[in-house]
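My questions will all concern the structure given below.
Naming follows writing order (A, B, C, D, E and F), and every chain is counted from residue 1.
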Amino acid sequence: MGVHTYFKSLSDLEHLYRLPGKFKFQSHTVAAHSFKVTKIAQFLGTVEEMNGKNVNWRSLYEKALNHDYAELFTGDIKTPVKYATVELKELFSQVEEQMARKFIEAEFPEEFHDAYLNRFKEGKDNTLEGRILSVADKIDLLYEAYGEILKRNPDPLFFEIYEEALNTILKFQELHSVKYFIHHIMPDMLAEKFMPHSELRDLTERIISRHE
Amino acid sequence: MGVHTYFKSLSDLEHLYRLPGKFKFQSHTVAAHSFKVTKIAQFLGTVEEMNGKNVNWRSLYEKALNHDYAELFTGDIKTPVKYATVELKELFSQVEEQMARKFIEAEFPEEFHDAYLNRFKEGKDNTLEGRILSVADKIDLLYEAYGEILKRNPDPLFFEIYEEALNTILKFQELHSVKYFIHHIMPDMLAEKFMPHSELRDLTERIISRHE
Amino acid sequence: MGVHTYFKSLSDLEHLYRLPGKFKFQSHTVAAHSFKVTKIAQFLGTVEEMNGKNVNWRSLYEKALNHDYAELFTGDIKTPVKYATVELKELFSQVEEQMARKFIEAEFPEEFHDAYLNRFKEGKDNTLEGRILSVADKIDLLYEAYGEILKRNPDPLFFEIYEEALNTILKFQELHSVKYFIHHIMPDMLAEKFMPHSELRDLTERIISRHE
Amino acid sequence: MGVHTYFKSLSDLEHLYRLPGKFKFQSHTVAAHSFKVTKIAQFLGTVEEMNGKNVNWRSLYEKALNHDYAELFTGDIKTPVKYATVELKELFSQVEEQMARKFIEAEFPEEFHDAYLNRFKEGKDNTLEGRILSVADKIDLLYEAYGEILKRNPDPLFFEIYEEALNTILKFQELHSVKYFIHHIMPDMLAEKFMPHSELRDLTERIISRHE
Amino acid sequence: MGVHTYFKSLSDLEHLYRLPGKFKFQSHTVAAHSFKVTKIAQFLGTVEEMNGKNVNWRSLYEKALNHDYAELFTGDIKTPVKYATVELKELFSQVEEQMARKFIEAEFPEEFHDAYLNRFKEGKDNTLEGRILSVADKIDLLYEAYGEILKRNPDPLFFEIYEEALNTILKFQELHSVKYFIHHIMPDMLAEKFMPHSELRDLTERIISRHE
Amino acid sequence: MGVHTYFKSLSDLEHLYRLPGKFKFQSHTVAAHSFKVTKIAQFLGTVEEMNGKNVNWRSLYEKALNHDYAELFTGDIKTPVKYATVELKELFSQVEEQMARKFIEAEFPEEFHDAYLNRFKEGKDNTLEGRILSVADKIDLLYEAYGEILKRNPDPLFFEIYEEALNTILKFQELHSVKYFIHHIMPDMLAEKFMPHSELRDLTERIISRHE
């Protein structure tokens, strides 16, 4: 019943967990993921702008904010299913689009239809903003996998996700922001030291002797 | 890597939550749902047997235990998507079947292929056992919705689920077990009284005066 | 250690729960809240634009996305404490600002300092975008309280929050978007019917009789 | 391995949930329960002292703090099992005591044995402090049940627990603190109003009209 | 109130957590455990059948599905308590049996009494099916412990559980299915490699260089 | 509304999580922390008494039980904020005290004011009991950090907390109980072995060969 339904639906994204069916130390909701992707896109856009690119900020923020909203209609379909055959992928895109259209027409007054049809469209197109979104989406996924690996999740799946995410990011290496990520951010990620449990004894002794 | 992978995958069903993207007071995993459906099917089968029907118990238990295992491969696809068009439904079924086959061939030694291909097949066929499974699956869904309604979940979705589940159950009303459910179990469900908060004062006074 | 630390810190907002120390049926993280506020601000901005206002979208999105990031440095200080005395409020603001500055200088390369100092500034200023943020922040808070009231949270606190949020929104009633919210969105919110548990019996009987 | 093991075991009480196997809106750990019982006992002791009774505070605090520690050894055995027969109850008590003794002898240096054997003894004896503990334990249980009833938990179990707890408290009505609880605390509990959802519309209209 | 109460009680098993009072990375409910034990028993039964044994499938499934239902009546009593003395163990078995009988007589119509008394009996007898249940129960326990060890749970308890479970399984090594488990499944479990965090850098470099 | 409000507020401490905004494997509430600090203080007091010190047990228990209650009024303010400037720290203490006073005067009948004003005062003074509280508070914090380090939390924060806690404890090394902790408890903590995953294979082989 109107925009109220749309506002309420935003909270449903807080109940949609990413990567269901797998043990994770840390779970992420689609709402939080959308937030983080938008913040990462903001940083990437800043790098592009510093390098003389013209960023359409309104478009970038809209793409990032809305890029996973359609999961409310479709649920979380595993990628191998979605991409099993070209035919299925096509059909699936059509269904997703129809459902978004139906939702907008049912809930929004007519004057908002164009704006929201536009916002619910697939954002990962070939514009600079579309490519930044593709990268930002994968950077957050890479951080999710990295977080599990760092916490020693024994499931090799997270190495596979890390690898797949990095591969996709590198497909966009003509972007200044991707170069920046690879050369200035990832080295810090990989340099992170994990102080082993065995150093606890040394640390303790150093502290105690300092007090004697 | 073999049956070990299959055994480990059982635990993934403990991480697959039913009805994602919706606020629920009480969440249910696919593992727990499978357990409850099997127990309900056991009861329904008992009623059929008492009424002279010949129940193939081995088949009934296998159907019930395995009926949602394929969600591990496909994720939880929302029903309106799955059934959006006949074509899409067909394609999805094919993909699901291929994935199950691929998993079995990758993980099980050859001597187990037939047994597990059979176990992973769609169980809701027209046999007595297939129909009992269809009913048991919906009875558990009805109980899930009923639990939310009883706890005063304000989302009208749960009334819709309750209604849809009951409608499906009633399509099988030629079964003795469905008649039993409608005439001997549902009345108790609907008779459940919910003592209102306002009775707390009376109860308290009765207890106190009894001690004076 | 650089932007990597900043990217990682985004995930900390997924561990910061709003309104700690109170029983809630549904918890909300600062990450999810920031997402929802940005989406609400997007809608409000759209209404302003339709009414001939000139919206600086880049500014609006930046304000909304970043408005609670500083809670990472300060923790969640209860409002009555923060506003206990004018002096304390002033001091807190200074400390908050210093901490944000220190973080930016420690983690970001110099070329990003200006951009991020600007992004971390208090966004609720007197510009159109600042006022939209003030309203969007309170609309999400109002929805949080409304969600608890609808689920029958017995704590009167949620009525107080609802009231305080609505009062603040109405202070901005010169905005077209606030008028729109009051006249076209809130009526739907208040019209929401909650089908009582007692209707379950009727519903059930109607369904059963339809099948007979 | 010594007192370290004892210190670590305190955290295990944070993983022991009260009333397992039942849906609750709000769960309580044995650690939190022990804290609350001790704080309630503190209040009850204060009332006794104000009425001229001599309270052995050290004993009262020790009894309250330790009264459920033995659940670490025994698990949470349902009351109807524990009290099924006099013989069983007796045997259980013996086993519980033996286990506590074994733990103390294994983990504590000898000079602490007496102190801890004493602390792990059943605290609900006939002393003033023992009776205060019995009451405080039931007041916290009554609050747990009351919390569920207020949140509209439909399980009649919580009414039964409320009733049982109140009955037990009233068995100690010769205590000043029980009289105080019944006459000065419970009336406030029962007077708590729950503003119904339907008042939301009125409240909203009052606020809006105030701003016009 | 009848079978409705029984159906509702199935959901209580979703609120009964195994191994309470201990920190675990991954918790398991009795409902999910019952599901997994039944699926494991299915596999073990298949192996027996392939080796010429005659499996009573109905009995096997019934034993596996119901083997922990009685915990609803008794709670989770720690094993050292249950087995502290022969006398206690005996008394305890009697109480458990009485409670199951009482429940069945209170909730089930008379025509179901025999079927359910039979289903609630201790399933771990000396039949082939009883022995398969004993093994399947311990295999799931072994997987639970293994999961914690793999995730680096520092509590030595999980090594003890792993050891105890394996010892019990080996007591049934005359079974073909136990031989199969030891010789064809466990080797895969033990061969599982855990890619160390330190390989992340190499992996990253390999991926990046591939894209250059 | 009276003591009832105070009793209810105890449960709010079960909803206040320590160290918000950081990923932890194991979360701790303020209620559980208060319980553990009181139990640790009990042990430390016992050591002092054994060494001839005169412990005021009533005071020690009161200090420990109440030491974090004021967080209900203030929320969890991050330490660097609280201590950013001397002025802020002072102002903050004043506000905290005013709020506690206001709460007591609003909720407690007058005859309880003195007792509770006293109980809500800062407990970490220079008395023996105040110093024991300071140590017990840090020992529990040290155990919290130790628990994360043992579970391999990769965040270096927990090493910093461990170090800070130990440093504070050592500032009280004139206390017999601190000496006891350093010389008799910490060595056991540091000696804890963590059986590596790689020993699983050896263990398994030893068990299997024992059964052959």
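Convention: a contact is a pair of C-beta atoms (placed from the backbone, for glycine too) under 8 Å apart; a residue touches a chain by one contact, two chains touch by 3 or more.
Everything quoted here is computed from the prediction, not taken from an experiment.
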Practice task
Return the chains common to the contact lists of subunit B and subunit E.
Solution key: A, D
Handout entry: Interface sides of subunit B and subunit C: same vs different residues, half threshold
Key = different
Exercise for the section: Find the chain most remote from subunit C, comparing centres computed as mean CA coordinates. Expected result: E
Exercise for the section: List the centre-to-centre spacing of subunit C and subunit D in whole Å, with centres computed as mean CA coordinates. Expected result: 38
Handout entry: Rounded Å distance between subunit A and subunit D, as computed from the means of their C-alpha atoms
Key = 45
Problem - Interface hub residues of subunit B, defined as touching at least two other chains - result: 11, 13, 23, 25-26, 147, 150, 152, 186, 192, 194
Exercise for the section: Based on the touch definition given at the start, go ahead and assign the chain network to line, ring, star, complete or other. Expected result: other
Fill in the blank from the handout: Chain-chain contacts, ordered by label, are A-B, A-C, A-E, A-F, B-C, B-D, B-E, C-D, C-F, D-E, D-F, E-F
Completion exercise
Residue set of subunit F touching subunit E in the complex reads 25-26, 147, 150-152, 192-195, 197, 200-201, 203-204, 207-208, 211
Exercise for the section: Over in the complex, which subunit B residues touch subunit C? Could you list them? Expected result: 23, 25, 146, 149-150, 152-154, 156, 159, 162-163, 166-167, 170-171, 173, 182, 186, 190, 194
Fill in the blank from the handout: The subunit D residues in contact with subunit F across the complex are 1-8, 10-11, 13-14, 26, 28-29, 31-32, 34-36, 38-40, 42-43, 46, 50, 57-58, 61-62, 65, 109, 111-112, 115, 119, 139, 143, 147, 184-186, 188-189, 191-192
Problem - Residue ranges of subunit B touching subunit A (in the complex, touch as defined) - result: 11-13, 15-17, 20-23, 71-78, 80-81, 84-85, 87-88, 91-92, 95-96, 98-99
